[in-house]
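These notes open a run of structures that come right after.
Two complexes come next, and they have one chain in common, chain A, joined by chain B in the first and chain C in the second.
Right after this comes the complex of A and B.
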């Protein structure tokens, strides 16, 4: 009888571990929403991408923590030293301009959505869609109107940002971004709202059937640039 | 008794598993092969209980040994770019079917015995009733 009891307890524990494992596995597979394809090569490539993405996410978290630590260390080091404090202020100011810190201020939010109607043009049926050049032109006009910080779908516009076409998405800072595009800009709202003027680019897009919405706001928060700005070939001119 | 324990284990595992955090995708293939090994061990355990040659040491060492070997084979296969884990799956599933066959045979024989006994009892009853009437 005792032998039977031991056997049943061990089998029960085994089944417990088994169902636990199955549940965790099913949840993991569901979470990665990977569809199993018949092509083995495609499966392996997908696995690779998922693994790299995971590694990237982990590294990114580590980087964020390290940056926080650096900030703390800097603050501690510059205490009670006016010269260093001044240097610290210069760094903070520089970071604000180059896009390495989160910034907030008044400005406008422009939302560009793909048109819902039927394209009236037979020459260019894709004009209903927001293209990379549309986003680029809007950003250009914003800079012209005196915008100090710009983000497109939470991607900060910095010195090294390129906007390019990636099929039905747009590549900004190496991240794929899809419609609708929310362009936030900090600056004098009255000037920035001048983008809606007759003959401006937004007007032109509206005529094409693209959904355009411009909103003034008193407090806009623009995230910091998530990448690293790296210059390799740039050198100071020695005088 | 054994089946009640298995049922309780399964229910507890499902409850805990539904609340458990997900694991990293990198290790999910190893967990999958470990699940197959555990499934094989459970079927093997039930079959050996039926055969009445259940040995705890063999059962536990088989469970851990099989799972670890299967995981190591999977890692080796990934390094060599050969899907060795397929071989492990084939062996485990084959053994699962063998053990399932043993379990099935045992219960089918048991039930057919019970049915036979019942019918024979009925026969004797009718015979005795006939005698009384006479």
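Right after this comes the complex of A and C.
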């Protein structure tokens, strides 16, 4: 008789556990349904991002064309006046320097591929993760070696360009890029190749296991800036 | 009696099996729930990304409108020399502003840095990181000890850190960084947890930040020459 009682209790407990399990499962499945709807929302967001990217790409191409036309019109309008012609040439040259037009010339291409990175005690990893500082230092050294135009993964280095880390990728000109980083620089190739010197930053990175490759080239093309520089707080001092 | 016991055992066995199966299923679903969290994170990121591309499109679109309008103006002004020269002057001024060849003013902050005694002095890299952070926060003009930061500015240590050169010019302490831009954005980009200024302060360097509603930053003093770009 006691035996039967024990078995009944065991069965009761088991039924309870089973019910509990099913209840939990049902609840979780409900959550899974909401996951599916969230996926839909995410997909819609992805679609919308792609639409804007496409609109951006199309407008960007149109802008490039329009700027070429503007240059022609400007040349046309200034050709009979030597003072204006000089101004026109300054604008055209200035646009190349500031990154507003595409440029070509001799230089070097530096490729940085992921390694284990550096971890010196002087750096605060929470502020700047290795990779953004690596790229920043290489750009700084290239400028020091006389680089006239620089791009990082086809993102033109302009006045307002900053390099910031975003998880495993870095953010340049509002665009997210990841390794390998291809840094192009136009200038005297022999000077720029001097970055490989002993004690330079490239050697420092190599020692830390980062893949570093430097190649000289007679013809490098560096694209125009992908964004627009607009000033909100700054004004020219009236002369 | 024997038959009843056997039935009981079988029933218990089936119940156990069912229970284990349910638990296994649940375990699997819980695993999937972890994925759901990643999905949520992605969604927040996607929203940021969408806002980013919207802004970029709008900026490029506005620039396109401006450029086409300018083309029209040049076209209609073909005959008038005066108006053409006005248009060219406007463009020239824009170019010079971007090159850093004009004196500029506006609201911003002034950061003054002085190395602490008996510790490693503030380095070129420290200044480079501060300038980078300010740019990321939207700085519109920056100078260090009146050396204007342009897109071809380098900041380097000379002679193993005995002094720093900006634009090839030697600068001495205290380092005064002037920056024009949104004051609170500028300040928060270098202060706060993980900010370079905070880090340097913790190391024992003396740094002050002052807000100024009208900072003047002088033009780039060097020559901008190019030999290789076409």
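Everything that follows uses one rule, which is that the second predicted complex is superposed on the first by the 136 of 239 C-alpha atoms of A that agree within 3 Å, B and C clash if a C-alpha of one lies under 4 Å from a C-alpha of the other, contacts with A are read in each partner's own complex, and residues count from 1 in each chain.
Note that a residue touches a chain if its C-beta (ideal position, glycine included) is under 8 Å from a C-beta of that chain, and two chains touch if they have at least 3 such contacts.
Predicted model only: the values in this text are computed from it and were never measured.
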item	value
First (chain B), second (chain C), both or neither touched by A:15	both
Chain B versus chain C as contact partner of A:218, first or second or both or neither	neither
First (chain B), second (chain C), both or neither touched by A:6	first
Chain touching more of chain A, residue-wise (chain B, chain C)	C
Touching partner for A:23 - first (chain B), second (chain C), both, neither	first
Partner chain(s) touched by A:88 [first = chain B, second = chain C, both, neither]	second
Touching both chain C and chain B, counted on chain A across the two superposed complexes	7, 10-11, 14-15, 17-18, 21-22, 24-25, 28-29, 31-32
Residues on chain A engaged by chain C in the complex (per definition of touch)	7, 10-11, 14-15, 17-18, 21-22, 24-25, 28-29, 31-32, 35, 38-39, 41-42, 45-46, 48-49, 52-53, 55-56, 59-60, 62-63, 66-67, 69-70, 73-74, 76-78, 80-81, 83-84, 87-88, 90-91, 93-100, 103-107, 122, 124, 126-128, 133, 136-137, 140-141, 143-144, 147-149, 157-164, 174, 186-188, 226-237
In the complex, chain A residues that touch chain B	4-25, 27-29, 31-32, 47, 50-51, 54
List of chain C residues in touch with chain A within their complex	8, 11-12, 15-16, 18-19, 22-23, 25-26, 29-30, 32-33, 35-36, 39-40, 42-43, 46-47, 49-50, 52-57, 59-64, 67-68, 70-71, 74-75, 77-78, 81, 84-85, 87-89, 91-93, 95-100, 102-108, 125, 128-129, 132-133, 135-136, 138-141, 150-156, 180-182, 193-196, 199, 216, 224, 226-230
Chain A-touching residues of chain B, taken from the complex the two chains share	1-2, 4-6, 8-14, 16-18, 20, 22-26, 28, 31-32, 34-35, 38-39, 41-42, 45-46, 49, 54, 56, 59-60, 63
